[in-house]
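Take a look at the structures below.
In the two complexes below, chain A is the common chain; its partner is chain B in one and chain C in the other.
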Partner chain A sequence: MSTIFTIAAAEWRLWMRSRSALAALLAVVLIIAATSVLTAVRFTEEREERTHQQEVAEETFLSQPARHPHRMVHYGHYVFRTPPPLAIIDPGVDTVTGQSIFLEGHRQNTAMFADTRASANVGGFQSLSPAAVYQILIPLLLIALGHGVFVREREARTLAPLLAQGVSGVTLYVGKALALAGLSAALLTPLLIMSLIGVTSGEAIGVSLAVVVAYGAFMLVWSALIVLVSAVVGTRGVVLGTLVFIWLAWSLVTPRLAVASASAAAPSPGKLETDYQLLADLRELGDGHNAGDPAFDALRANLLAEYDVDSVEELPINFRGAVAQASEADLTKVMNEYAERRMALEVRQSRHVNGFGWLSPVLAVSAASRHLAGVDLETHHRFLREAEAVRFDFIEGLNKSHTQELSYTDDINRNQSPEASRRARISPENWTVLDAFRFQPATSNQRFGAAAAPISMLAVWLTSLVVAGVFATGRLKP
Partner chain B sequence: MTAALEAINLSVERSKQTVLKDVTFGVAPGEVYALLGGNGAGKSTALLTFLGLLTPKSGTIRVQGRSVSDDLTAARRVTAYLPEAATLYEHLSAHENLAYFLSLAKAATDRAALDRALDRVALQPEARDKRLGSYSKGMRQKVAIALALLRDTPILLLDEPTSGLDPIAIDEFNTLVRSLADDDRAILMVTHDVYGACQVADRIGLLRKGELVGGFDRPAEGRIDTEAVHAAFAGRAVA
Partner chain C sequence: MSGFGRELWFLWRDRAAKVWLLIGFAAAGLAVVFGLMEIAAQRETIERLKTADEIERAVTTEAHREDWGSAAYYTFHLSYDAPEAFAFAALGQRDASPWKHRIRMLALEGQIHETDAANPDFALIGRFDFAFVAAMIAPLILIMLLHDLRSGERASGRYNLLSATSADARMLWLSRAAWRVGALAFVLLVPLWIAGFVSGAGAPKLLGASLALLAHLLFWWAVIACVNTRTWTSTVNLTTLIGLWLAFAVVAPAAIKAGVDAAIEVPEGGDIMLTQREAVNDAWDLPQEATMKPFVERHPDMAPYAAIEGTFEWKWYYAFQQVGDQIAEPLSIAYREGRARRDALASRLTWLSPPAKLERALQRLASTDATAALQYEDEVRAFHAELRAYFYPPMFRGEPVTDAMLAERPNFE
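Coming up: the complex of A and B.
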């Protein structure tokens, strides 16, 4: 074991005495520091801002004066998806899906960006998260520093004297891989600090450390690969070319290939087409603002029979409110069917892309990172479902007040008579039908469960490369 | 007495070319055996095969009576190897190079011992903590020789050991090799330096195109006849 550490320490000493290695290391450390600080500041502010906006939105809704309940249905309400603490490491889908939704009656609005900064493509470091640095840039540093670990010895003809000391090829392999692993561990320090900041913001310590472990495994995959290629390929130029080729294939080509393949395997019909189809389906359900719409004839007949009266004016409830209630339920059922179909399609596409983790560990670690950080597609879908539940509850709560607290006569005459208009308003106490909304990340167990598949992929990658490395260096020749 | 090093009907191929062909020789403890030959004769190949860094195509290779292929690690533990071009690390000093290689060989690395070895090869004390990048070829060779000494093994494999040394250093080195052999070490030295081989060797094997084509033994008194070896090396009869 001490021999392995001696070999690893010798590599470290070489790097510490190489100006180019130190310069590369310094550059990457500065990039990590810059992106970490910027992302941490940005998401801490956004977390506070969205939490504050959520409170403001609720206060604003609750502080509305007495109004007609249907005005409140269209006054609407905002819900915000606050980023989880680990979004400071990996913003995940946050920058592409939108994080706030305007909730109102009869519609399921799409998510919007809560803040200008919250969207993608702002440029510069804004779009470069710590996760992206660890997934894309750190492997380049490992390649730059590590590609020569074996081939340098071979070219300088120091491999024969090394082996002549009684050191086996496998020991050399493990020692040099340990050197790169040690470098990787040092480079994980900023990530560890970020994850601990996440813990101080309320994140579970297990899942916070799991993010660091996932990235550690990813860097070990690269370390094992780099040492393997350096051991089996003859010249430094070919080693470097091979590793850069693999980096391009894993980091840039395979992810694009995965997305194109997912689109082909599970084609989505397109938003305009879907929206038109949804509108057509909703129109068939009738206009909930028009109590005379034939679509509600059956409802009228049922209520008249239930209350044993001859006209809606005689009903003990407000028929218009009852129509609004029934209409909202019918619309929501159809809208939810469309939404669930769309989300199922997105999940299929996402799983298809994640399957490409068997071809590229970059995809495996990015999926593991998003799942563990609680910024994956499934979390966004849960946000949409929870937001919809809030929407439906408060809309139907208002419709219920409309039904039970307003007289039908005042309701239909409110535009003709100021007195009827005054009586057609209900008190602000009724606005408490709005539930407080605080979006919570998934539990640790749920996130571990979601991340199990990509983490398994990383484990298989690592095991395969280590076995290949041990096999290749078992009979190492100078 | 069991030979410390034995090659029996050894044939080795490199890049599908036969480099050693049916070669048989042995080196006993206390003996200096010089394999003499021109460039490409297969001298270094023989050393690398004893180290297990090349695999024989046929034949047997033994270190202290045990087949190298059976216990490679044991063979390397008892063997110190001085490579041809003093292949050491340029970013390390002499002390650091020695300490690193010795720690890999699980040998003692205390500074006093290192300095004693460097004294024996006459490396200037003021140079010992400078990086090898600033050394001359001869200074590097001295560090490599010191490393071989410090291994303190019963067998030494020396590949062109006097390459890069000045005449005085060569004489000192040859004396050193003799004293090591007198300490019962088996020394296999490959060289194309006829004079140096005759000065230090007990026996000389002449390699030509991978075949052992001749041999010379040290007489009871004096050295192997340089003229005779030179003539055989050059492929002509002695007058």
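Coming up: the complex of A and C.
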């Protein structure tokens, strides 16, 4: 055991003495600090801003004057997706998806105004978050510092004496790996601080620490790989070339190939295109604005029979409201089918992309990170579903008021005179059908469930690399 | 054998160099193939949309011809931004900015910001297109090819001998490096030109892209040459160069982006929608003259027909849709100008990051940059204005809907 520590300590001492190693370390720490502070400030503001906007939107809706209920259906409402506390580490899809949706009758609108659209275009990776730094930059630092762990012994011809002294190859491997693991642990400190900040703003401690653990596992994967390559490959140049090649393949190439593969394997037609099919379906349901549409003949017959009257004028309820209510319900059913199909397809695409985590631990850790932080595709879908629930609820409530609070005669005569138009209004108390909406992050269990697959990928990567390392160094020759 | 030819022979014999060049070739090849596939898919989408739109419009037009108000209310009009032939090389903003819309005569501000975006995970990760390969991967390959030119010889103890025996030592290193830069440019450009001819991109664009790529490679060659003149070991060279790659290709763009976004305020997009929606909804409760007056200011030719009788008339309805846009106009213009100014500033600042500059240059050539997105937005606005110019006169004059008039309805082209 003490031999292992001695070996590890020797590497640490070497790094401490090397000015270029310290300079690289300092540069990376500065980048981590800068991105952490910037991301934390930005997303703390975003959280407050969107929560505030949500409150304002609700107050505005509730403070509308007396109106015809259907006017409120079109007046509509806004919901905002508040980012979770851990967005300060990984903003995930928050910046590329719209953060608010306008809710109105008869339509499911898309989320609008994604940040990326208005923000400056600089190509490549665009903005850096702490997550991106840990996924992309830190491995390069580990390579720069760690690629020599075995090679330098070989170059200095100290490997043979070490082995001759009875230090086994595996002990050397564990010692060198420990050196890199220690470095990784030190580099995780800023991430740990960020996740604790997340805890103070209300995040569960379990998932917060799990994010750190996932990145820790990812850095161990790199450490294990670096030591392995350094041990089995002959010269320093080739070690470095191999590691840079793997870094390039894992970080830059595989993720984007995964996207190309997913869009070829599961092409998505896009909302606009499926909307045409939807429109054809909807025409069969009838236009809810037009109570004379033949599509509502059955509804009229049923209501007349139910209340035992001969004409819609004699109904105790407002027939136009009943039509609006029935048609909105039918319409919503069809729209939801289409929305669910679209989301299922996107989930399939994303699973396809995440499957490439078996080829690149960078994809595995980024998926784990998004799932754990609660900024994944599924969270966005949940936002869309919850928004739809809010939409349907208040539209349904307004249509109910339309049916019960407003007489049919007043309703059909509303355009006769300004006076008639005033009679066809209902009081603002009816607007309280709108429920308060606060978008909440997924529960810890849901997030752990979603992250299980990519985390097990990391575990498999780590285990197999360690096994390969132990195996290779077990038969280490100078 | 001439010195120049000998260096080519050396390059051919260098296994690591061959592997890296092969990687470059494969990356560029894959990138253009993916790009061509994506562009083909986008074109097919547009074709399908056009067919669907024609059918849909024929049905709605037939169903709602009782008056011009209903005809305008129920018919949507497709607008789209077809990718250019060269777009395969740089897919650019088309994942984030909309390139297809369904527009109708209602307030435009409520419609133009709808984004039919692809899977957000795709936008997050990014596309593997030629611009990405040229801007991000090519410099790394060049670094791998050149970083140990001198230090490698130094390590094997030949450096001084080579320098002393060759007639012109500088020429020796120059030609050795030149062969490698040239070879890399060659393996990257061959797939680009082949794909360019396949898609019919035209020589000027291909030439422009090639020059931009060459300039980018020359920049990196200069950077590498500076580092190589130091008497460092290959390892120190390589780590330094990768550090510089990080600085130029990753950190600088991120800093530029953060700086530009902070320096230039753009109004919240949601505020445009909110303003427009409040204006349109308030109009129902305002006296009708309050709507018709600002409307007539924009459309003086409609003044003789602007009197509204009764509590509801279509022309009043469309007038307050238009006035809703007019009220949101300052915000909308600020949003547009803000994005244009951000883009202009980013264009200047990316001189500090040649990879970002290259990507922007390729996106410009491909018309997939912010300028192109704004231009498409302007086209949609112009089309919407055309629709208004078409519908207003017969609607305001109360003319019946006729086949002859319907045949003149504008199409987006």
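The rule is simple: the second predicted complex is superposed on the first by the 461 of 478 C-alpha atoms of A that agree within 3 Å, B and C clash if a C-alpha of one lies under 4 Å from a C-alpha of the other, contacts with A are read in each partner's own complex, and residues count from 1 in each chain.
Keep this in mind: a residue touches a chain if its C-beta (ideal position, glycine included) is under 8 Å from a C-beta of that chain, and two chains touch if they have at least 3 such contacts.
All of these numbers come straight from a predicted model, not from anything done at the bench.
Visitor: Quick one: is A:448 in contact with chain B, with chain C, with both, or with neither? Answer first, second, both or neither.
Guide: Neither chain B nor chain C is touched by A:448.
Visitor: Would you mind checking which one, chain B or chain C, touches more residues on chain A?
Guide: C
Visitor: Kindly classify A:338 by the partners it touches after superposition: chain B alone (first), chain C alone (second), both, or neither?
Guide: Neither chain B nor chain C is touched by A:338.
Visitor: Touch test for A:6: chain B only (first), chain C only (second), both, or neither?
Guide: First partner only, chain B.
Visitor: Contacts for A:14 in the overlay, against chain B (first) and chain C (second): which applies, first, second, both or neither?
Guide: first
Visitor: Mind working out whether A:166 is in touch with chain B, chain C, both or neither, as first, second, both or neither?
Guide: The first partner, chain B, only.
Visitor: Quick check for you: in the superposed arrangement, does A:157 touch first (chain B), second (chain C), both or neither?
Guide: first
Visitor: State the interface residues of chain C toward chain A in the complex, per the touch definition above.
Guide: Listed in rising order, the residues of chain C that touch chain A are 16, 23, 27, 30, 34, 37-38, 41, 45, 48-49, 52-53, 55-56, 59, 92-93, 96-97, 100-102, 110, 113-128, 131-132, 135-137, 140, 144, 148, 152, 234-236, 238-240, 242-243, 246, 249-251, 253-254, 256-258, 260-261, 266, 268-270, 273-274, 277, 281, 284-285, 310-312, 335, 338-339, 342-343, 345-346, 350, 353, 355-356, 358-360, 363, 369-370, 373.
Visitor: Quick check on the complex: what are the chain B residues that touch chain A?
Guide: The contact residues of chain B facing chain A are 48, 51-54, 72-73, 76-77, 79-81, 83, 85, 87-92, 96, 100-106, 151, 157.
Visitor: Hey, which residues of chain A end up touching chain B in the complex?
Guide: 2-3, 6-7, 10, 13-14, 17-18, 156-158, 160-168, 477-478
Visitor: Using the touch definition up top, name the residues of chain A that touch chain C in the complex.
Guide: By the definition above, chain A touches chain C via 20, 24, 27, 31, 35, 38, 53, 65, 67, 71, 74-76, 78, 92-93, 96-98, 100, 102, 109-110, 112-114, 116-128, 136-137, 140, 144, 147-148, 236-238, 240-241, 244-245, 248, 252-253, 255-260, 262-264, 267-273, 275-276, 279-280, 283, 346, 349-350, 353, 377, 380, 414-418, 420-421.
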